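In what comes next, chain A is part of two complexes: it sits with chain B in the first one and with chain C in the second one.
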Partner chain A sequence: MLNIKLRTAIGENPMLVMLLGVCPALAVTAELKSAVWMAAAVAALVIVTAIFAWATRALVSDAWRIPVILILLAGLVTAVQLLMQAYLPDVYTALGLYPAAAAVSLLVFGEAERAARLGNIGTVIKSSIVTCVCFALVLCITAAIREILCLGSIWGTGLEFMANVKFGTGAYTAMGFIVLALVLALVKAVLPGKAPLTGEDSACAAVLSQGCEMLEKED
Partner chain B sequence: MKNIKSIVVLVLCLALSLALISGINSHTAPIIEANAGAAEFEPLYAVIPEAQDFDLIYTAGGETELVDVPETVQAIYAETSGLGYAIRLATTQGYTGEAIEITMAVDAEGKISGMELNSYPETKDFGADYPATYLGQDSAMAEVSLVAGVTYSSSAFKNAVADGFAALIANELVGAGVKTDDQILTELISTVYPGMANAGILQAEEIAADGTVKAFKALNGAGVAAIVDSGDGMLLALCDVNGNAVVYNTEGAAADNSAAADVARAVAEANLASFAEKDAAALTRLAGEGAVVTEIAAPAVFNTVTTAFTVEMNGVTNYGFAARPYGYSNLPMEIYLILDADGAIVAMNCPELIFFKEYFTNYTLDEGAYKAGFAGLTAESFTADNCLISGATMSANGVQSGIEDIFEGFSQIDMGGAA
Partner chain C sequence: MTFKEIMALILGGILVNNFVFEKYLGFASLYGISKKESKMAVTGLAVALVMVVSALVNQLVAGLLAANGLAHFGTLAAVIVILLVVYLFAFIAKLIKKESLGAYFPVIALNSAVLGLCVETATTGLAGSFFTALGVGLGFAFGCFIFAGVMGRIDMRHVPKAFRGLPVSLLAAAIVSMALVAFK
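Here is the complex of A and B:
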């Protein structure tokens, strides 16, 4: 039996709830190794951005937060890419442009918005880590299943029993959607009756509600 | 007030981002540059592990003193201590049309000392061990063969390696290997017996046969090729399923040697089955009720034509032919044509135009209209456009090749009359 906190953490995982970050999830989850590094890169961005958003919450108004975070992310993403290119060239080649796409990921912005509304730094870090762990788990589970089914390998090592039954790289896209759908269905099955999307502090809801507020002000 | 604070934070954030990028870039730039260099040389050291260093002596599109370098060759590196050359190759002649990338090493004696497959986008695998079969071969590649069932990909691979050698030999960097007579004659088969080849690639299995050095049976069952040691030199003897035989010498010229021709006939008799009965029945169905189909001597055209008939229809003598060209996945198709005495198509049938219909659905075709569309065409008016099947190029190519072969066959019997 999952405890309440864990159920909530999984149930509120922005990727599972609103499919935030699903683009890189589908793009880089062809192989487990790529997914792990993508999850690590996104985690670094999410945590640093959330801490920054929390630290500057008194200085930056809601309307200015997204431009400020976008500028910060531009620097962070470029830094992460340069470091990957220098020290993990294979990973850099495998991930392609997707780490850069994280700069405009709603997952990062959503977590930053949530952090700006939280009370203390401990909660911010804990919340970011839970989000990143959930994101990483979904990414890695999807990647592992896809790699096994499509390539007949896991972490680049061939699985003999899959040699004659693998689907091949042509099934990457379809298998990505199928596996992600199954993972989402599994979460729903494990957490019956939960409706985390309605939670006011849901990351996505925070971003959307801010957008609505801004529109109302303009009116 | 908060807006001013926000702007200050934004500007500070911008400065921080730029400083971060600048600082990390200055630290990582030399490492990234070194990585790029290592990535360039990594495949080279894979084929010549004991190499000291490499000098780039040719790169596609760059300035070079080398001449006659085929476009398959992407780069040539000379190993600085004289161990030989490393050549980067990329060919799009495979089945998918995407680049197969290869790195090969040729030692100072002109033999392949290393071979790595760097990229293989093909759908059919020619086996992990296949590239290694090239090790030790000189430019003649006498001991190398294509992989049955993966002929496009293995042929593209072999041709790319041959291009690598051609570049070295043309620039006198290594000496040329000498082809053996049986190798020359084996390579000659696809030229002098087009019915045993598809797009210039031999479509035959090697068989054991008495009195031959080597013997091959066409995958479509249309004929055999036998390499025979006449005592006076090697000869290539061909025989089709109807017993027509012809002999060639290593110069590619026709040779008069009845003994070699008899060997080929014996090989054909032992390994081929006549299509006459099946084809007569198929042409009778195509001609319609009351038609009388009579086998005649098939012309010695050595293409994919396997049988020839006269077809009496309503008191008119027409000519019926069957051809077995290679279609999708190099599988033989059956093409039946009835031509009138002027060589115009009266009727056409191909029982199975599209192989693997249950899996292969990416084509549009009204079979009845397609077949009827050939009526009235002659050798002069027939073009490749008449055969087009959108989304099924291999099948369309097979139909075209079969019909062209039949027109050639018809031209051989028309004036000579039915035998």
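Here is the complex of A and C:
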């Protein structure tokens, strides 16, 4: 079940390929600890939503899938927020409003759309777990690099060799974009020519992709 | 509210607290829309309009929830409010222009900037919500226009292969973000 192949982890990585879930990736990766908890929260949302989308695929038409999943997701996010507030108040404060933003996460919608088209529940769960692991991988790598470069620490523990060379908090926002760009470029350099990662236009979310095609045709 | 406070909220939303380039909200939607500046500007203004209306309606709903001890359901209420507002605009678009929102529906309804704004302004009062939403909405439109302009001027032939597409877009966003830091 957890036979995650390297090509799947990288070549079909939802964040790297289609820019899904980039908002939490950029926002909560200032520290590795926040990134790990955010990845765990998003994983729970992805798996439950995918199972729901698969279970209701015959009952909900394609036109109504987005609103139905949106409302379910908002309810789940509320539950996650309440649990975090109760048991992990420090993490809840650190994450701010980004768990709420997960309610409209394109990563979750992309996975729900895919789950609704899959044959059996086992495949749905396996696909969701792979997606979550891939997402968590990129999230944590980006967070680790950002925390080391900006704060000179890792998991809250200061690194002596970074004490005098860290970028500081002033570069937080831009570093998020830069680090993610470098991670993505590294992957593209390591795996050149892989179909999902080529081209300037490959990065449209699964849910947005149809809209993008329509808009590009009008250009 | 004084004029100074109002301008601080509006200019803050456009520049200092730009939701896309400072808080990373709505970036995926922004990237996936289009490369044409005119189309990006129209989309940005449409999202801005939805932001203002959603924030105002959500303000009222959040007040009702808080009065009944249901403030914890703020996120759920915000999502429902945004959906209803988007459907309302879709209905109006169909009446006026005889065509549906089509591709713009997911761009607006699944925009984390809209939801983030509603959640953040739920307790700021009606006037505060309106001007904050106006500033953030105009900031989103501004971000759309600027980003489209930057992306349209990048010649991919001169970009290293590994950086073509997403990476160079993220770097462009980083440069815009750094430019906005100057206003802090």
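As a convention for this text, the second predicted complex is superposed on the first by the 190 of 219 C-alpha atoms of A that agree within 3 Å, B and C clash if a C-alpha of one lies under 4 Å from a C-alpha of the other, contacts with A are read in each partner's own complex, and residues count from 1 in each chain.
Definition applied: a residue touches a chain if its C-beta (ideal position, glycine included) is under 8 Å from a C-beta of that chain, and two chains touch if they have at least 3 such contacts.
It should be emphasised that the depicted structure is a prediction, and the values quoted were computed from it without experimental measurement.
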Once the structures are superposed on A, label A:86 by its partner contacts, choosing first (chain B), second (chain C), both or neither. first
Does chain A have more residues touched by chain B or by chain C? C
Thinking of the overlay built on chain A, is A:67 touched by chain B (first), by chain C (second), by both, or by neither? both
Classify the contacts of A:100 with the two partner chains as first (chain B alone), second (chain C alone), both, or neither. second
Which superposed partner A:35 touches (first chain B, second chain C, both, neither): neither
Of the two partner chains, chain B (first) and chain C (second), which one does A:174 touch, if any: first, second, both, or neither? second
With the two structures laid over each other on chain A, which partner does A:136 touch: chain B (first), chain C (second), both, or neither? neither
Which partner does A:75 contact after superposing on A: first (chain B), second (chain C), both, neither? both
Quick one: classify A:109 as touching chain B (first), chain C (second), both or neither. second
Once the shared chain is lined up, is A:186 touching chain B (first), chain C (second), both, or neither of them? second
Same chain A residues contacting chain B and chain C, which ones? 67, 71, 74-75, 78, 82
The answer for chain A against chain B in the complex is residues 56, 59-61, 63-64, 67-68, 71-72, 74-76, 78-79, 82-83, 85-87, 89
Per the touch rule, the chain C residues reaching chain A in their complex are 21-29, 31-36, 39, 72-73, 75-76, 78-80, 83, 102-107, 109-112, 114-116, 119-120, 156, 160-171, 173-175, 177-178, 181
Interfacial residue positions of chain B with respect to chain A in the complex: 2-3, 5-10, 13-14, 16-18, 20-21, 24-25, 27-28, 31-32, 35, 39
Tell me, which parts of chain A touch chain C in their complex? 16, 19-23, 26-27, 66-67, 70-71, 73-75, 77-78, 81-82, 97, 100-101, 103-106, 109, 170, 173-178, 180-182, 184-186, 188-189, 192, 198-205, 207-212, 214-216, 218-219
